[in-house]
Each structure stands twice: as C-alpha cells, then as structure tokens.
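By letter and in written order, the chains are A, B, C, D, E and F; residue numbering begins at 1 in each of them.
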Amino acid sequence: MFHHVKELQFDARVSGPDPRFAKLLLEQFGGGNGELKAAMQYFVQAFGVRQSYPDKYDLLMDIATEEFSHLEIVGATITMLLAGVNGELKNAVEKSSLNKIMRGNGSRDELVQEALTDPHFLVHSGGGPVVSDSAGIPWSGTYVNSNGDLTVDLRSNIAAESRAKITYEYLLQFTDDAHVKESLTFLMTREIAHFQMFAAALEDIRPNFPPGILQGDPRYTHTYFNMSNGVSARGPWNQGQGPWPSGEQWAYIEHPAKHVHETDGLRKEPIQGSSHRPEELHKMEEKLAKERSQQVKKTVPDGTNRWTDYKEPVSSR
Amino acid sequence: MFHHVKELQFDARVSGPDPRFAKLLLEQFGGGNGELKAAMQYFVQAFGVRQSYPDKYDLLMDIATEEFSHLEIVGATITMLLAGVNGELKNAVEKSSLNKIMRGNGSRDELVQEALTDPHFLVHSGGGPVVSDSAGIPWSGTYVNSNGDLTVDLRSNIAAESRAKITYEYLLQFTDDAHVKESLTFLMTREIAHFQMFAAALEDIRPNFPPGILQGDPRYTHTYFNMSNGVSARGPWNQGQGPWPSGEQWAYIEHPAKHVHETDGLRKEPIQGSSHRPEELHKMEEKLAKERSQQVKKTVPDGTNRWTDYKEPVSSR
Amino acid sequence: MFHHVKELQFDARVSGPDPRFAKLLLEQFGGGNGELKAAMQYFVQAFGVRQSYPDKYDLLMDIATEEFSHLEIVGATITMLLAGVNGELKNAVEKSSLNKIMRGNGSRDELVQEALTDPHFLVHSGGGPVVSDSAGIPWSGTYVNSNGDLTVDLRSNIAAESRAKITYEYLLQFTDDAHVKESLTFLMTREIAHFQMFAAALEDIRPNFPPGILQGDPRYTHTYFNMSNGVSARGPWNQGQGPWPSGEQWAYIEHPAKHVHETDGLRKEPIQGSSHRPEELHKMEEKLAKERSQQVKKTVPDGTNRWTDYKEPVSSR
Amino acid sequence: MFHHVKELQFDARVSGPDPRFAKLLLEQFGGGNGELKAAMQYFVQAFGVRQSYPDKYDLLMDIATEEFSHLEIVGATITMLLAGVNGELKNAVEKSSLNKIMRGNGSRDELVQEALTDPHFLVHSGGGPVVSDSAGIPWSGTYVNSNGDLTVDLRSNIAAESRAKITYEYLLQFTDDAHVKESLTFLMTREIAHFQMFAAALEDIRPNFPPGILQGDPRYTHTYFNMSNGVSARGPWNQGQGPWPSGEQWAYIEHPAKHVHETDGLRKEPIQGSSHRPEELHKMEEKLAKERSQQVKKTVPDGTNRWTDYKEPVSSR
Amino acid sequence: MFHHVKELQFDARVSGPDPRFAKLLLEQFGGGNGELKAAMQYFVQAFGVRQSYPDKYDLLMDIATEEFSHLEIVGATITMLLAGVNGELKNAVEKSSLNKIMRGNGSRDELVQEALTDPHFLVHSGGGPVVSDSAGIPWSGTYVNSNGDLTVDLRSNIAAESRAKITYEYLLQFTDDAHVKESLTFLMTREIAHFQMFAAALEDIRPNFPPGILQGDPRYTHTYFNMSNGVSARGPWNQGQGPWPSGEQWAYIEHPAKHVHETDGLRKEPIQGSSHRPEELHKMEEKLAKERSQQVKKTVPDGTNRWTDYKEPVSSR
Amino acid sequence: MFHHVKELQFDARVSGPDPRFAKLLLEQFGGGNGELKAAMQYFVQAFGVRQSYPDKYDLLMDIATEEFSHLEIVGATITMLLAGVNGELKNAVEKSSLNKIMRGNGSRDELVQEALTDPHFLVHSGGGPVVSDSAGIPWSGTYVNSNGDLTVDLRSNIAAESRAKITYEYLLQFTDDAHVKESLTFLMTREIAHFQMFAAALEDIRPNFPPGILQGDPRYTHTYFNMSNGVSARGPWNQGQGPWPSGEQWAYIEHPAKHVHETDGLRKEPIQGSSHRPEELHKMEEKLAKERSQQVKKTVPDGTNRWTDYKEPVSSR
C-alpha cells in the first residue's frame, strides 16, 4: 500500500506564473516519456518479479514510488505556473482580463504567452494540469513497456530514463525561472541516477544476452544486409570482429536481393562469421529454460496463493 | 511524496490460477472506471484546491492514495491469477503445454479458459498485467475528469465511484473463487464509502448549485422540450413543482418545432415557471465571483511561489 | 427514427468571423464533455431501459434528441465563425491573404487570431468543424458512460451536465460577440435544466443507493483511512454521524499501515460505525435482485423479439 | 433541430438472444465503417455547403438523418440480441448461470457463444451496446472525412458506402436468424441506394476532376513509375490511352531510379503523354478559383451572420 | 523485400528554415490523409490480391512503394525546414536564442513562427519529424482501409487520393518558398495520376457494382427518404431516371414517418422504381459467388503454401 | 526512394491455414514492438542524423529498410495463415461453413480456432491483415521513439530490439507449424543481430553518457532513496562503488521523508558519493555543447538547402 507525505520530495518553487511553460512541462506529466509513464512502467514490472527476483522487486518499487513523487513535483510546478488562471475564470461576471489578452490588447509578452497556452487550461481543466503531453495528446497505457522478462524490462527502463533525461534537458532551455530550473535539474539528475541503478541491476543478471531464453540461429546472427545503393558506410557495426570473441566477425552482404535469390530465400545460407554450433546453443537454451522457469514457482505449498507469500526473504548478499 | 508499504491494504489471496478472470479483472486495473482512473482523477484534482480548500485537498489526496493502494491489490490479484503463464513461457525449449492447450488437446475447461484469455498475456506481457481494460483498450488520460471547480469535480467523483461499484458487482458474478470474492467485496465496499465521503464534502460547500458561478437564464431553466412523437411520459422531471420553491414549476413544450418557429428561434421566449428575475441572479453571480476568485490567491506575499506555502493550516472545525 | 427540422432550436448568430474562438468552441462539438458526448450517452443508455423503465426511456431519448439539436447549433456557430476561410482556400491561384496573415504582415489582431487557430481548419477541414476538441483530440467512444444500471447512469449524467455547464461558463469568458454569448448562455442554461431533470428521475427510483444490487460489507462502509502524514483535515466526510441514522458514525483509522498489519490485512476488522448486520443486508440484496431482474424480461411471449414490443404503455401517473 | 419518432425506420426483430452476433454487429454501431461514422460524416460535411450548394446540403442532411435512424436500428437489434444478460447481471445474489456458462458447465453452443462475447457486455455495459467496434476499439472522431471540397467529400462518401455495404455482406454470413437477416438486408440495400445518390450528386458538379481548384503539373500527370523488379503487369492503368482524349497516353518509366538520376531528380522531366500546356491549365485554375470562391460568401449583407440566412431558396430545377 | 536508393524521387529543396510550415506539413507525414496512410493502405491491400488479381497486386505494390518514397520526400523537407532547431537545442549551456524567441524578445515574424510551432519539435523530437499530423494527433492504424474486396478497396483509394490532393492544394497556400512549392506540386500531381490509375483498374473489373457479391433488395434500392421538413431540394439523386436503364426511376417518400407506419415498418413495402425481380438478382449473386470465390484458391497443390507460389504469371494482355 | 523486389527476404511458407495464430502474429505486424514500429522508428531517426552522423544515417536506413522487408514477411505469413477465409466470405450466397463453425457444429479444433480469431478478420478486413496488434489495438504513431539525440535513440533501439526478440520467442510457443517456426526464428535472430549493430554504433560515440549535453547535479547522481518500508534489498545498484571510479560510491538514504524534511526539501543536500565538482562538469558541458551543435550545420553554403547536400561523403575509416 502507499502512504502520502505532504511535503514534496524536492522543495519546488516558481518565481511567477508562466502558462506557456506550463504547457511545455506537461510533456513530463502526461507525456510518453514523462513521470507517469516511468512510475507505471516500473510499478507494473514489479508484480512479475516479486517472486523470482525479490531484490529487483524492491528496486523497481522504490524507483516507481520515487517517480510518483516526481509526478507530484511536476504537477505542483504546473499548478504554480498557472497561478491566476483559475481565479480569473472564477471571476466570470465582469469582462475578464483573460478575454482582453486573447483579443490582442495586452502586451507583446502576454500575446506570446497566451499564444502557446494549451486551450485545455482555458476551457477544460480551468487552470490545472491535464493528463496529456505538451501537444495535448492524452497519456496512453501503451506507453508502459512490461514484457515479462527482466533483461528486456531493464533495457526498456534504461532507454526510458535516457528519453526522460533528454526531455528535461530540452525543457531547461525554455525557461529563465531560476527556481524552476533548480527543480528540473534535480529531476533530470535523478533520471541519470536511475539509469545507472537499472544498468547495475542488468549487469547483476548473468547471462543477460540475448534477452529471453532462445539463442539466435547462427546463420543469421553475424550477417549485415546492405539494403541501400551508393557508397556504404562501414564501421564496427558491420565490419571487423564485432562484439564476439576472436575468430568471429561480421559477414557483409553487399547485394541482398541477389543473395536472397541465390540462397533460395536464405534457406541455403551457411553459417558465416559465427563459431557457434547449433548443438551448443541448444544446450544453453535447455539450461536457461530449466533455471528460469523454476525461478517462477506456480503456487505456494498450501494450495492458496497469497501475495505475502510471494515475497521471499531478500537475499543478504 | 509517496512512501510504499510492502503489505497490501487488504490481504489478497487466490485459490489458483484463472487467466480468464484475470482478463475480466483488467477492467479495474486499466479500465475507464478502474482504480488507476480513480487514483489519477483525485490526485490531479487535488493540486487545484490545495490553496482554496485545504481540507478538501487532504480528503482528495487521502482517497487518491487509497486508490493507488487498491490498484496494487488488483495488480497483485491479476498476477496471482496468471501464475504459471510466465513460467511456461520461460520453458521455451520443449513443446510447452501452453501450445497444447491452444491446439485443442486439453480439457474443455482449459479450452474455455484459453478462449477468453487476453492475447496480450501470451505474447506481450508474458503473463503479467497490462495497462488496459478487459477488452484490451489501453488506459487513456481522457478518463480523468478534473475541471477546476470543486462542485463539478465532486459530482464527477460521485459518478465515478458509482461506476466503479457496479463494475465490481458485475465482476463478482464471474468468479467462484472465495478468496477473490473477498477482495472484490472489500474493494466494492470502499467505492460505496468513498461515494459518501465525496457527497458529504459536496454538501459542505454552499451554494453548490448550479456548478460554477454563472446562473442560468430564467427563460430556459424550467422548460422541458418534448422532442419525441407519440405518448409522452410525464413525471417529476417535466411536470409539477420540480426541485423549486412553491410557485415555480416545469414548463412543458409539447411541440418544440412549432414553438421554436413561433418564438423566433426562442429569442422571444418569456420567463415561464421560474420566479427568478435576471437582476437577482446577476447579484448572486457577482457575490459568488468575488468570493470564489478571492479564495484562489494568485501569489504568496514574498513574490516567490512555493508549494509548501500553498498549504494553509487546516481549519480546526 | 429521426426527423430533421431545418431551423435550429435556437436562432444562432455571429457578429463576424473569429477562427480563434471557433477553435475553443470545438470543446463543445467534439470534446469529452461536449454535445456529441451527451447526445450519444443518453441515446445509448436509452436502449437498455426501454423495457424496464419506459418513462425514463422517453426522458433519455428526449434529452438525447435535444443534445443532437445542440450539436447542430454548435456546429453552425463554428461554421459561421470560420466564414471566409473556405472561400480563401478556394481562391487557390493568386497569393491569398491567408498566407500573408500567416507570414506576419497582417495586423496584431490577425496575428493572435491566427496563432491560436487550429491547423486542422487550414489544411484538413478546409474551414469547417472537425470532430475533435479545442486541443485537436479526436472524439472517442470511451467518453460515453452507459453501464446498464439506471441509478449509475443518471449519476453519470448529472456529472456530465455539470462538466458541460462549467465548460460553457469558461467559454463565455473568451468571446465579446454578443450574439455568440446569447447562444452559449442558452446552451449553458439547458445543461442546468437537464441536470435537474436527471436528478428528479434519480429521486423517482427507490432505493437508489448504493448503486446496483449488492450492499457493502458493513466492516468497511464507515471507515476512513488517513493515508497522509501531518495535520489531518476533519469534516463531515470523516467524523461525526455522516449520512447515516442516529447511532452510526464514521470510524477514523489514524495509522492505516499499522492497522492493516494488526488486523491481518483487514481480515480481522470488526464492524465499526455501522449498525447494519450482514443478514439484513443480504435480505435487501435478495429483494432487490428479484425485483430488478424481473423488471428486465428476457423475451416477449411469442418467441420473437420486436423492438416495438419492448415499448410498454407509459404509466399514466 | 432533430425530432425523434418512436418507431424504428425498419421493424427490426430478432428470434432470440445471440450475444456472439451482437459483438460482431458492433462493427456497424461503433466501427470505422458503421452507421455513426456515416451519420456524423454527412452531418459535418453539410455545414460547409449550406450556403454554396443548398441542394446538396439538403441531400447530405437527409442521408445523415437516415443514418442516425439506422444507428438506432442497429442499437435496438444489439439490445435485443443481448436480452437476458442485463437481467442475469441484476440477479446478483444467487450463483448466476452466467458464471456457470463461463466456467464451462454449459453446452457446447453456450461455450462458443460466450467465448466470442465482448467482455465489455459482461463487466462494463451490463448487457447494452457500447460505442466500439467488433474488436472493442472505441469509435474515433478521425473516422469522419470532411475536407471542405464537395467533389472530395462525395468521393469519400461513395467509398464509405462501399465499405459499409461489404461489412453488411460479411455480417450476413454469421447469423442464421431470419429476422436479423431481414434487417441487415434492408440496411445493406440502403448503402447501395446512398452510393448512387452521392454518385449522382457528384455528376451534377462540373467539372469535378481533379478535386479542388489546382490542376496537375502536366510533366507528372501521365507518368507511371515501375517501382518493382521482375515481370511487370501492364493494363489500362499504365499503358495505352488511359482516360484521356485521343493523342494522349500513359508514359511508362521502366527504371525509376535511373530515370530520377538522369533527370536531376525529375526537375528536367519533359511533358510526356499529356497534350495540355501549362498556360491553359492555369487559365482553368483562375476560372475555377473565381467561380468557387465567390460561391462561398463571407458574410450576409447586414453585417450579422445568421444560420437562417445561410439557407438559400433551393433551386427549382 | 525493399531496397533503398539514397536519392529522393524528387530533388527536394528549401530556401531556408520555416518551423511553422514544417508543422503544417506534418499533415502529409503522419496525418490521416498523408503519405504513410497511402503507402500502408496499398501495401496491406496488396497481400489479399496477390493470388486473385496478380496484375492489380503489381499496381498496388508499385504505388505503395512510390508513396513510401513520397513519405521520404516529405520527411526530408520537414527536416530541412527545421534546420537549426536541433543545433540550438544541443547548444544547451548558454542562454539559447530559442528561449529568447519564446520569451518575446524576437521580431514579429519570429513570434508568429514560434507561436505556430509544434511543441513536440521543441521538447520531444528535438527538431525532427514526428509520426503525427499538423495538430499533433498520432498516426493510427485505423486510417488504413483494406476490406478484402477489390472494388471496395479501389474506391477507398480513389477517395484517399482525392483527400491527399486537396490537402496538398491547401498546403500550397501557406508557403512562399518556391522550392517547397515545387516539391508540393510534384507530390500533388502524383495523387492525381494515382487517382486515374485506380479508376482505370476499377473499370477493368466487371461487374464492379454493387461492391461485393450480394445485390440489393429491389424494394429499397430506388427509394429516397425525405428526412427533413420544409422546401426539399430535388435533383438527379432523388428524381427522374437515376443511373438505371429506361423505365426505372427514383421513388420519393415525402413523409417517411407516416410511410413507415403505413407499411408496418417497411415490411409491406412494394418494389418501386426498380424493374429487377428478386430471382434474377439471386442468379447474379450465385454466378458472382462462384466466380470470385474460385478466384481465391485455398491452398496450392502440394499442401504447402509458399508466398512465391501465390504469384501467378502476370497475364500478357 | 524505395524499390520493391518481388521476392521476400526470407522464403516464408506455411503448412496450412491457422487463423488463430494469424491473430497472435498481428503482434509483430501492427503491434507496439512489431516490425512497422521498428521500420518507422529507424526511418524517422535517420532524417535527423543525415548531416551530423552520415555513417549512422546509412546504418539506420539499412535496418529500417530491412524491417520494412520483415513487415512484408509477416504480412505474407498472416495472409497465408488466413487462406480460405476470403474465399468463404465471397461465397456469400449459400450457407457458408464459416457460419456453421461459428454456430458450434464444427469439431473441437475448429471451435478453439475460431474462438480466438480476431473478429476484424471476419467482418472488417475480409481475411487480410489489419494494422493492429494481437488484441486488436490499432498501431499508433506514439510507438515511434525519435528524440533528436543519437545516444538516446540508439538506446531506444536496443530496447526495441529486445522487446521484439522476446515477442518472437513467445510467439514461437504457440505454433507447431515447422515452416512458420523457421520464418519466426529467422526474424527473431535478426533482432539479435540488429541489437548488436546498434550497441556497436553507440560504443562508437564518445562520450555517450549521460545522454545529451547536460551533466547531472553531483548532489543527486549518487543517491539512492529507500522509498519502501521493511527489509530492503541491497545490491550493486544501491551499495558499494557502483559504476564509478575508485573513491566514489552510492549514498543510501534510509528514511527519505525524514531526510527531505531535514535538508529543506533537499536544497541543503551536500555532495555525497561523487568526487565531481560542479566546475569540471560545467566545462564538460561547454565542450560537448560546442562540438555537437557545430556538428549540426544550419544551412549549406549557397543559401539553398537540398537534401542531397545533406549527405556528406561517408568517412573512409
């Protein structure tokens, strides 16, 4: 269960209203790379590993909870940046200044500020945050990546933290408010810290590549298809040793259409580059399948599943 | 900020796996009337009233936090109902029983169970919850109703709790698992309790009708348009005194098209039914506009807005 | 079936073009709390009660039809506010003034007006309405709340009318056009009238609380969980008698985490506050289940279902 | 404004409940090619032509109104096909047969029927229609095509009627209920009739090709790019005279990549196939632009726009 | 398989940055009538006719491939119009000019330009294209119309090309950049050319009306329902011979509600206007059903389906 | 521009129809981790780096083109798995076997097969693929992650390939068709190969952490907040040296709420764990900002931007 502490995790302040920036900041409230996405992603992933990786469960739930706390910081900041809008809207009788501004009688600064304001602030939320991004797109459950394999999920999280980090970096360039900058810098820094936590957790699982159980077919793991005409760029991603041990290397297919035709649609493709034999790869699959499926127990002994029983004593390390 | 307590708010258990019911239960996880919607709705509304109604802020945030805790109960239950699916999927090498079941070699119960299973459990989430409803529709930010007026928001909440309650009532009819029924009954009951909390908070605000500041035009507030042919149903919603003081009553327009034509598109409509005069209604508007816009202060004295300063001492009552 | 009367229900006029306000007004055309949502919500709900509550069927269909008529008023107003845009776009050969305005050679008023214009008006709908809201979000079928229980549906409608009303109140603050204000005031007032019709219909059903058939578990109906730290707000929603008869009252849980732990996850929670016994609640459930399920007949006598037969003679009252 | 006639346009009946087919039939209720899409598409298009093509306004609004009436037929049929579900759900106390069926104790027919039932019928709408398609996807405002040019809109309508027709044809193959087949055949036939009405209206506008005002660049109107390798299909779409007058013909580009390179990215492409000169095409553009932009008057004489004034006397013909 | 040629199909250029127009141009990148929609629509349709209409398969895949190439032109143009934004964002340390512009210190032109800029360019894509339309709405799979009947699909394509054409026509009015105009004119012209290719392919199929196999019920194919009051427009769509052979004509129902009542909900409707007898229509259905279902072979002879075998030798013609 | 080669990249075959698996396989056609998402993601990212990283442009476009080719393989396989459905639907006159199967007269295998079939195959696409996932959710432009920073984008790609790989692994467990398994294994293996190409490209950029230009605030980079109660898991993600050089380490905050209170909302937080000084971090930022913003030139020399000019000679390496 959750408990709410009335203080924010970071003492967020603003120097004054700025509806324009409030709109941009929605990107981190209801956006695809924002705090709600992060919180829900780690929260949902956590259910699946409570039994199999209780230490990672704790990590995921800690960061999920911190992201919910960041969501609150972002929402509070947006609310403060919109200060005045709700009051003006309640002042519904006399010709309000809102209308005057919208009509173009205000100063240039006001004009621009309003011009970029989300119409939802004006006629929908009455000056409060909405669960949408900076362009008004509503948050979607599809943003959450949780795929039932921890080495996949942690990579999704590393990418998610990278995107959240760059979003804060971009946002920092559209405000001059020193208080807001402080909060954004704190939040951006935490994405960097989370990145490294997830990377460390991924390193802690061995093997962690390829994701899942099944190994690749060695006929196709080392092959690069040059799908474009003209001068081709070569680099460590399609020439030389690649990430493999000595003796292995990339196989470069210069003319894929011709090659596909000659190999009967790649069916007659020989193993190139790789020194792995199908038999050893299959043994690895059997070993992993056994280990990892056993890690996920079907039921607890007494025939009743209780969530409490899913929680193993955390390893002492 | 939030804090996570590893125990669930209610000791959720299941008797055994039931992927079929897990799918239905998603309605309360990622559905339009589910726990995430409720949690986010009250959380978002809370920002707007932290300054103007600090006691209602506390109420909204308490219930939001409880709904996040319910979301966790629902997610944990779904995870337990899916027990085994993730393990089978990790057992990727030998011909898994999943495939056999899907092929139709299993028992009749298995057939039906699988037939109703969400394909996302099988090839997307790997046996974990998804942020979607029972039909697979992803959660959307548009589910959250927060409109910057507390008498509106509390009515949205009363309706939301009603819908959540009936959803649990329907769900209870599709499981025989006594443990699951216990959890659902607890969750359903809390929706009833929340309904009454929101109703009490709405009563606490006076006046609370009509929502907002502006009063209706008395020419159109008491009029019922009979928009259908044939025998017309009459009842307290279109005849008699209605909700008004003695002397007022519903005005029933038997033939709207004819009436609209005769009144120049309702422009020449006289005041009927209502005893309110435009002048007194306008005075009410001025009074309310003054009171409620003042309640929302634009900035705190020292020129810097801090979230902490938004929080007034809660009235002793 | 429907019939179209070429006159509008209200004689809508505009003083001149105003693409900027046309964009905001989309909130009531294709928005989540707009006229299409209202029309479709009552229309869809009506099907379900044609047999069980024929008088409420008539009410729902009358108001649905009026909301479709309001949708037409809003669409006509948007079209008039966009007057000129379509003609300019057809003037595709010579350097049109549209482009000049967009380039910044126009007056300040024009600048601001255009700056807030929906790009869909310019390159998609060619100067006509779109089925989206003020921020461009397309209307979604998820906006419609219809849940198969009339006491739930009427509460959804009361909340929907509240949100529609406040939206018109906000919109009124962004236009100076007296003609447009007249139309908006008419439309806003009708939301108030509909609110009271739905409230009267809800009162007409007894009992109407809790929604549905199942009563709450008395151990959890009267309990308030204080989910936050610090000073807690107390009010009629968590202290005193609440909405119950004398002798009942709210039970306040000061420290939920501790309490949950001590009651074995609330399983050992005693009945507090409530004077209801499970047995009497169960009797109420049986009575309601019998009455209300009988109200919905499965088939008409002759083995063929005709929509016409669903329509009972409306009670005389 | 609209008026509701309590009789359906077609006397819809069903032989008995069939939740399975009710789910499929949703495709025509809330689907992308269904009745709501059609009704809203013609309704929205109508606003834009009320002034410029008053006769086509009448046509569009007549068909829109008929489609709303068809939406009602489909909704009524779905409701009758779901007969019993709502009653069962209200029978919430005793172990309902719904649950038994879902558990697999029922007959094979029941099993299959339930297996294909939309979960939304069970735990969301309580046995009523939802504004979604057969796969549960909510209706979206993006389904509506209205682009401010009548020759474009009528073509969108012809295509929409074609898709609606084939959908009814497919649906007819999934029911044995003679009553339902009758209703579907009526509805399918009306799509054919509407197709021909829209085609006749399109013929009535001259010229109607290309859509809009601007003519194509004659260097690129008659060219076919063979974008695939291997044996190429030739037919009236890329060889011979095409739709043009004698002397014109398709120009076939055998090797587009080479051709693009040789013509400096098509900049040096000569006019091929076409006998049109840029000058005459430009004259046509000027003529059309003048005619059609004048057809859309900006404002009515007295400086006030009234919707009523938009409606010209319909041409006598 | 696809191959990428590094040159664009048309040598796209821009005179300089214009983020404002880049936003509008998104309509053709990720919009409902844009290049991605067209490419995916024809690509998806092609699968279904590879076996039954191999010549049309070639046509659909050629145009799909050309539309992917157009998508690349549009994306490249948007990227060039946004030149500088990405560089400014990377200049994250010193107070960037982006912020100054946003603050209102720039020139009037800059103000307007920024005011219309998509916030996604600034804080999400970092100055690159997004898969959304000009209003920020993400591309949706529902845009693709592919319905398993080629006479339906080709009509969908004719309508799609019409909408794409008018969108380019509108876009051309919002830029003064001669280079951009050249590219847009090329792209617009290709929509006209594709329109005529699809029309020719549709003509090549006989019969092609009504779409699909089933013929309409002759009682309802020639009937026009006058669903509105007042003066009714008459034209070739509801009077005279219509599209039929001599002796047939439109049947005009002046008062539909009365008519429906008198014909027992249209059940007693006689055949009017049409000279077709049900028997001959049914024979036509049987003939078409036999021909067209045979055209779609279920499996190839040896019991294995290979995509290659689906490809018949293209008819010589 | 693109060119289409009529052969598939892999010679895809199926042993026979299997509509059930066709539905699951949609996950890779129109799903959030499927081939269209991958193709569009790399395609969109490529535009942004054509100038700054021409070698990575080539890599991204090669893989994008391969993913489009994979999309074709998946679509062809789905079409072959649905063989017969389209033919049956065209056989619209006699009582088709489709209906019999749906009615429950077929064998058990048929029952299950149909029960899991996507209704869209039956009444929407007529037996062809749809641009949706296995649960019917339409593909969305929000699936594409492209954020204007290559170190972010490559991490998004590594995560995307991980998710696509695990999806193929899950899919392989739901089919027994050896031909289909071959195709899926090929496609799965290519995701592994792409993963390593993207990882190599990321390694090739130095520095690549943190993503973007701005460095984290050293007060918050090394801190772990223990946001949960009870026994806390410790591991390399919150204790010990972490990823840093000797002398640095994680700082563990045992009681965040208390800590936040004591540090005035973290404002008085000292630097812990990190040995970085703000000054050196700022110097790094200046260096990176200069280098990377220069890498993105605003315009080419002659004042005209041509896409061709964006393409630098690929470095020889």
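The definition used in the following text is that a residue touches a chain if its C-beta (ideal position, glycine included) is under 8 Å from a C-beta of that chain, and two chains touch if they have at least 3 such contacts.
The structure displayed is predicted, hence computed values, not measured ones.
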Chains touching both subunit A and subunit F: B, E
Shared interface partners, meaning chains that touch subunit A and subunit E: C, F
Using each chain's Cα centroid, which is most distant from the centroid of subunit F? C
On a C-alpha centroid basis, what's the spacing between subunit A and subunit D, in Å? 38
Roughly how many whole angstrom separate the Cα centroids of subunit E and subunit F? 28
When the centre of a chain is set as the mean of its C-alpha atoms, what distance in Å lies between subunit D and subunit E? 11
Subunit B residues touching 2+ other chains are 1-9, 11-12, 32-33, 61-62, 65, 69, 88-89, 92, 111, 115, 124, 126, 132, 136-138, 140, 142, 147-149, 166-167, 169, 172, 212-214, 227-229, 256-257, 260, 265, 308
Should the pattern of chain-chain touching be classed as line, ring, star, complete or other? other
What is the complete set of touching chain pairs? A-B, A-C, A-E, A-F, B-C, B-D, B-F, C-D, C-E, D-E, D-F, E-F
Subunit D partner contacts - residues on subunit E that touch it in the complex: 5, 7-12, 32-33, 54-59, 61-63, 65-66, 69, 137, 140, 142-143, 145, 147-149, 151-152, 155-156, 158-160, 162-163, 165-167, 169, 172, 185-186, 188-190, 192-193, 195-201, 203-204, 209-214, 216-217, 219-228, 231-238, 242-243, 256-257, 260-261, 264-267, 313-315, 317
Hey, which residues of subunit E end up touching subunit F in the complex? 1-9, 11-17, 30, 36, 40, 43-45, 47-48, 50, 61-62, 64-65, 68-69, 72, 75-80, 83-84, 86-94, 124-132, 138-142, 144, 146-149, 179, 212-214, 282, 285-286, 289, 292-299, 303-308, 310-311
Subunit F contacts subunit B in the complex at 20, 23-24, 27, 31-33, 108-109, 111-113, 115-116, 133-137, 166-167, 169-176, 227-230, 256-257, 260, 265
Residues of subunit B touching subunit F in the complex: 1-6, 88-89, 92, 95-96, 98-99, 102-104, 111, 114-115, 118-120, 122-124, 126, 132, 136-138, 308
